[in-house]
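Read from first to last, the chains carry the letters A, B, C, D and E; within each, the first residue is number 1.
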Amino acid sequence: MTRLAQDISRKAGMPPGSLVHVGGRKAEQARITVVRYNETHYEESEVADVSECLPPEGFEGVTWVNVDGIHDTGILQRIGEMFGLHHLLVEDILNTGQRAKLDNYGDYLFLVVKDLSRCPESGGTVTEQISFVLGHGYVLSFQEIEGDGFDPVRQRLRDGNPRLRGGGADYLVYALLDAVVDNYFVVLEELGERIEDLEDDVLADPGPEDLHQIHELRREMLFFRRSIWPLREVINRMERGESRFVAEETQPYLRDVYDHTIQVIETVETAREMLAGMHDIYLSAISNRMNSVMKVLTIISTIFIPLTFLAGVYGMNFHFMPELRWTWAYPALWAFMIAISLLMLAIFRRKKWL
Amino acid sequence: MTRLAQDISRKAGMPPGSLVHVGGRKAEQARITVVRYNETHYEESEVADVSECLPPEGFEGVTWVNVDGIHDTGILQRIGEMFGLHHLLVEDILNTGQRAKLDNYGDYLFLVVKDLSRCPESGGTVTEQISFVLGHGYVLSFQEIEGDGFDPVRQRLRDGNPRLRGGGADYLVYALLDAVVDNYFVVLEELGERIEDLEDDVLADPGPEDLHQIHELRREMLFFRRSIWPLREVINRMERGESRFVAEETQPYLRDVYDHTIQVIETVETAREMLAGMHDIYLSAISNRMNSVMKVLTIISTIFIPLTFLAGVYGMNFHFMPELRWTWAYPALWAFMIAISLLMLAIFRRKKWL
Amino acid sequence: MTRLAQDISRKAGMPPGSLVHVGGRKAEQARITVVRYNETHYEESEVADVSECLPPEGFEGVTWVNVDGIHDTGILQRIGEMFGLHHLLVEDILNTGQRAKLDNYGDYLFLVVKDLSRCPESGGTVTEQISFVLGHGYVLSFQEIEGDGFDPVRQRLRDGNPRLRGGGADYLVYALLDAVVDNYFVVLEELGERIEDLEDDVLADPGPEDLHQIHELRREMLFFRRSIWPLREVINRMERGESRFVAEETQPYLRDVYDHTIQVIETVETAREMLAGMHDIYLSAISNRMNSVMKVLTIISTIFIPLTFLAGVYGMNFHFMPELRWTWAYPALWAFMIAISLLMLAIFRRKKWL
Amino acid sequence: MTRLAQDISRKAGMPPGSLVHVGGRKAEQARITVVRYNETHYEESEVADVSECLPPEGFEGVTWVNVDGIHDTGILQRIGEMFGLHHLLVEDILNTGQRAKLDNYGDYLFLVVKDLSRCPESGGTVTEQISFVLGHGYVLSFQEIEGDGFDPVRQRLRDGNPRLRGGGADYLVYALLDAVVDNYFVVLEELGERIEDLEDDVLADPGPEDLHQIHELRREMLFFRRSIWPLREVINRMERGESRFVAEETQPYLRDVYDHTIQVIETVETAREMLAGMHDIYLSAISNRMNSVMKVLTIISTIFIPLTFLAGVYGMNFHFMPELRWTWAYPALWAFMIAISLLMLAIFRRKKWL
Amino acid sequence: MTRLAQDISRKAGMPPGSLVHVGGRKAEQARITVVRYNETHYEESEVADVSECLPPEGFEGVTWVNVDGIHDTGILQRIGEMFGLHHLLVEDILNTGQRAKLDNYGDYLFLVVKDLSRCPESGGTVTEQISFVLGHGYVLSFQEIEGDGFDPVRQRLRDGNPRLRGGGADYLVYALLDAVVDNYFVVLEELGERIEDLEDDVLADPGPEDLHQIHELRREMLFFRRSIWPLREVINRMERGESRFVAEETQPYLRDVYDHTIQVIETVETAREMLAGMHDIYLSAISNRMNSVMKVLTIISTIFIPLTFLAGVYGMNFHFMPELRWTWAYPALWAFMIAISLLMLAIFRRKKWL
């Protein structure tokens, strides 16, 4: 999904807050799952109607509403109304060309992040936009398609992991962010392996398909970087400034995710520099090989051209060419020509042209 | 309109505030439209005389004066006097070589932005300078030519869009800025499609016209970036600092435009990096193809040159050349020559030169 | 005057404040003009003796002393003493290798700027250092040579331009700075035209002289940038910080000059990127053309080499060559050779090598 | 250990604080050594059980626990519990893909640094992650493998170096950091020598193996830089901000290590620029040599081709070729051909083609 | 002395404050000169024993102790003890791989700068580290070798220059720094001349030795920059922050040195960009020349190859070749061949291949 320009222009001219789903990926059917938990209690349900999302009166704990599939703008609008979300926020959820960002709306934080995964069919990297709303006692998460990296988090919730069950909504957001960033490592490791394989290939036997691969990997790294770079700032601001939503106990965890993000960014930068270096290596290798081919061919020509000249000379029809009558002239000429060839080869070898 | 140096020098040596229209584009005839609205009232009129711009006594609402065509310096001067504008500001409106900027004149804010659009005839990007003055209860907008992206805003006003009709002058400026930035996406998407088409072309079958296209697109991106880059700072300052003119409710909207601007800038940067990468690909591909042509041609020569030498040898006129009299010498030589050719082809193939 | 290292080293080892004129350009004879004005009064005189520079007792207004030619260190020293200038300042006036700067000496501001103009003879850009001292009620300006862009300012003073005559010494400095920056636009426009002509030339028919021109223009842009870049900071600091010398009414004017300076810097940066792009285009074009020449020539050789081989074969003197006796052998060979040539041409054309 | 992507992904999906050793290097057996000292007392012991690490009641001085080998997560966990370490910290010790960092956990500082050393077998640079915990009266250090640069520090402790024995735990951390940074110099010097040898080689007689070496050194420098760059910030923050753990007397020492780190970083940057320059030199040299080979070969062909043509002319079988019958025609042709060759050689020489 | 890695590693593993002279340059014999002066008094002596360095009781004025040759660590240690210098400072004096820096030790400032000079024999740039200690009433300066740029300062002191004799120790340090920076201009001017000569050479007649020169100059500029860059920060901090040691009257002088340093840095940057440009020019020129050589040679071949083919045709031995018997066939063929040659030359010329 590494298209250059998202088709956000489809919305040009509409009033702000117009709910149009901008993005090419759709889940079959929007699916809403609600998880409610506190230290002692856990329930998980898939709801058909948006109104079931709200926690029951008097519930003490965290409600996590996850929406898979954001093309159904009606659902989003109703959730927005129920939780009192700003209409610009709802619009941002739908606009999948967003960069990662953190908006503080006073009553809740709004986070947009990019989830990356490898598409097994095409071999390319797939970007999905995930939006989080962190309010008091609830977390909303919106994904473009079903299937995510959140299953481990759900499993830990079910297993009653005390830190997760006892933490607040902020800790849940941390856990989900951590899952997203962990995904980067998975993708990055696969890309890293491809880069290292490619490097071995380029050093051993470079071919034109390597150039295309280098180009493609550079492009993927470009989009990777573009997806992750703003996340750094987002997590940093979340760790430091927005303390009203983030408990002090959660801060070291966010710092940990921050460190991981930096690690990812650095690896991407290193990969980019390695790919640039490989491009240079590739060009040098190709040019080297071409040169040596041309050199050998030219040397063959150079050796035969004077010999052909000599053969031409004794093919002339002058009436008075004394050599033509000598008995040993023919073998002598052969000997001379062989000698010249060997001499030229020796010179070329000594000059390291061969 | 991507000229390098605007002919601002025409003004060199004049006192500040000299009203000279610096710019090459002119609307046929300056056209002034006045829109007055509040939550309940809406009127729209084209005025012939500048004096009709001022709102009537006691009018509670927003007055939006839009001027299409800024070459008529007399009109500008009179508007300037009527609204008490600084003469440097009026000069800036006329100087279309400005970069986007925000000046706080105390009683009003002055904004300059660049509107981009695709010229359908030439296929290039056209820049138009739009200046806004945001005062208490009024907005002035000045455009170089008629025809703009403001029609959707006008339509929403007419339709009685409550947020727009109920918002103040600041919200109107936001809506106009949003229309300008939306235009960027339209232009960017078209450019993005051209870049992606070009990339496919370069990867499949690069030709010299691709190089010119890459060059042209790089140049357009250069001017695009130059037009948008300062806008980022302008909107940021408007959102944060100048709170006297911008109501708190309008701030999230400006932040939204700000996010869009960042998105545009990032896309432009990515496009620039992609174009640089395509340039490399193009050069490699051209050089690869050239090399393989030269290689094949040289191999043909290399195979025939020894054969020609042999033919030359048996064309010599020595009296004593025993081979010439052998009955099978001629077919034997043919066989030998064919064998040599095949051997050389086999060697070249094994060395992967073919 | 784009020499890399100014011969400031001539001064190495001297105590600070040693007045040695470092620079290659000299006015014939230092010329001192004094202008005194206020809202009602204006006088202008060329003085022979430095002592006439000081305003008469009780004069209320601005005194502007302009010195053309700074090689006469005696005059500078006396002016320095009369106006109580720090001896380092006087030294800085003489050292024409300075970069633009602003020094606040408490009782006066010291500004150094670079004036650029096109030398009509050589076609190159000429740099002149202009130094300003802005004190209470007086402005001193020092130029390397006679002839400057200040005539329009003088003319406006004479014409009694109310803003200039009514403004203080700070406004005069603004007006002079504005004249200097306007000059940049003149130079830039000429350079811009040369760049655009060159670009057309490079795209249409690149030749080696274009490369030299690109190189020369890059170098001029390098020095242009080096001259202007620090000016940005100077004017910015003057507008913001040094409020004691700059009246609040003058600040918008300085901001205007600041905007112009940014515009110049951006144009220079764009020009630099365009020149870098043209260099790439030039190299690609040259290499493309060379390649197509070599390709055509190689193709000619490749077609004739097998033919020559065939001719060689039938020039052999074997006694038993049945073909030689066939009646139609000769025309048949011609036909065969022509067929081979056409076949090869067809193959080359289909492979797009021609 | 310069792999691009560490296999941190192995941990993806686990809850935070999961103790999994991420890293490829293992000491045979985790080894724990405890050093206790103050100005008058020194003892050093290798302990089998973690519980022996804690200082005895009433001990006044510094306890330094060094763990070689971090794959035994059980040991780490018990140490963590004994010293009250945050579980994220323990996780960080195990994750050897960390960048250098400083975390302030309130009761202790946590430092991660990278130790570099040259692997004598492979000739490459080996990275080891060393983690320090600096608490009140104790220092914990964790290394991936046995064998480190800390022996000199131990020796100085044993020898009773007064500054070290009298300093607190912060001074010990300084001494250990200093040992790590000193190691950088050792590695850098060896790399520097390789670079300088390579440069001589490239200037004298460049070959394809040089290109691989340049590439390899660039890559090592890339990873070197990546390892050291964050250390700068770490030491700077430690020197300045975290005064609770760092006594004022230790600050100049930390500033000294800081200066050394800057020195290392600058040398690495210079080395990188030198390697980039060498790449250019290499490419130019290779291309130069290739060109001169091709030129000589082409010149040989160019001289012989017209001669071969002449020989061909007089090999024609026209009945009426008067020259063929002239007595001196054959030697005259030889003379003519030699004259042509010499003339061409003279022309080529004068044009500096030879 | 532009070695990449200084052999600081010799010290690895030693305790801090170990006095080992790290550096390759040694004065024959350490030489200590003491200068004492105030406004009325001046004495200058070379002392044999360190104890004579201290000023006599009751002396009011400045004591300047200059040490030429720092390999005698004993002398340094004793001076360090006498003036109460921190042992890390003494260590820094000995470590000649330092970058320029300013350390505030409370009772004194410690400055390290790099003195550059041209080595007349090798033609290269020589770096010397000079360390200053600025205390109340005294200045210590430490140089690696004898012979420096301080003689003019000494001469001014002897001549009784009032500003220098009346200024304090801070003014003396300023004067010495100024002498060092003046030296940069001398070196830079020489390098600048070499660059300009080289540029003329590259534009007129580029040869392989130019490439080596460009490479060498780039490298020198790299080390030049590395030496000066940190000085900027040092002087800036000295001017602004450390007011306790620097009198207000001295500040404008330091600002002047600061300006000079910026000027040097800018010139170095410009020189680096010029050298990069020259590299491009060189490559283009070499490739251009090579191309035109190859083109001419190939054109010669291309013209003769068809002719040779024709000659070969009429050298064939077919029995039935009617042309062979025509009387005018031979001269007609010559005419035809000459016509073909001229035609090809005309075509090549029209296509601008010649």
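One rule holds in what follows: a contact is a pair of C-beta atoms (placed from the backbone, for glycine too) under 8 Å apart; a residue touches a chain by one contact, two chains touch by 3 or more.
Since the model is a prediction, treat every value here as computed from it, not as a measurement.
K.L.:
Whole-Å distance, chain A centre to chain B centre, using C-alpha means?
P.N.:
Whole-Å distance between the two chain centres: 26.
K.L.:
Using the average of all C-alpha atoms in each chain as its centre, how far is it in Å between chain B and chain E?
P.N.:
So the centroids are 43 Å from each other.
K.L.:
Going by the touch rule set out above, which residues of chain C reach two or more other chains?
P.N.:
Chain C, residues with two or more chain partners: 287, 294, 298, 301, 305, 308, 312, 315-317, 321.
K.L.:
Chain touch graph shape: choose line, ring, star, complete or other and state it.
P.N.:
It is a ring, because the chains touch in a row that closes back on itself.
K.L.:
Just walk me round the ring: chain B, then chain C, then whatever comes after, in order.
P.N.:
Following the touches around from chain B to chain C and onward: B, C, E, D, A.
K.L.:
Please name which positions on chain B make contact with chain C in the complex.
P.N.:
Going through chain B, the ones touching chain C are 3-5, 7-9, 11-17, 86, 88, 91-92, 97-99, 101, 103, 105, 208, 211-212, 215, 218-219, 222-223, 226, 279, 283, 286-287, 290, 293-294, 297-298, 300-301, 304-305, 307-308, 311-312, 314-317, 321, 323-330, 333.
K.L.:
Enumerate the contact residues on chain B facing chain A in the complex.
P.N.:
The contact residues of chain B facing chain A are 149, 151-152, 156, 161, 163-164, 175, 178-179, 182-183, 185-186, 188-189, 191-193, 195-196, 203, 252-253, 255-256, 259-260, 262-263, 266-267, 270-271, 273-274, 277, 280-281, 284-285, 287-288, 291, 294-295, 298-299, 301-302, 305-306, 308-309, 312-313, 315-321, 351, 353.
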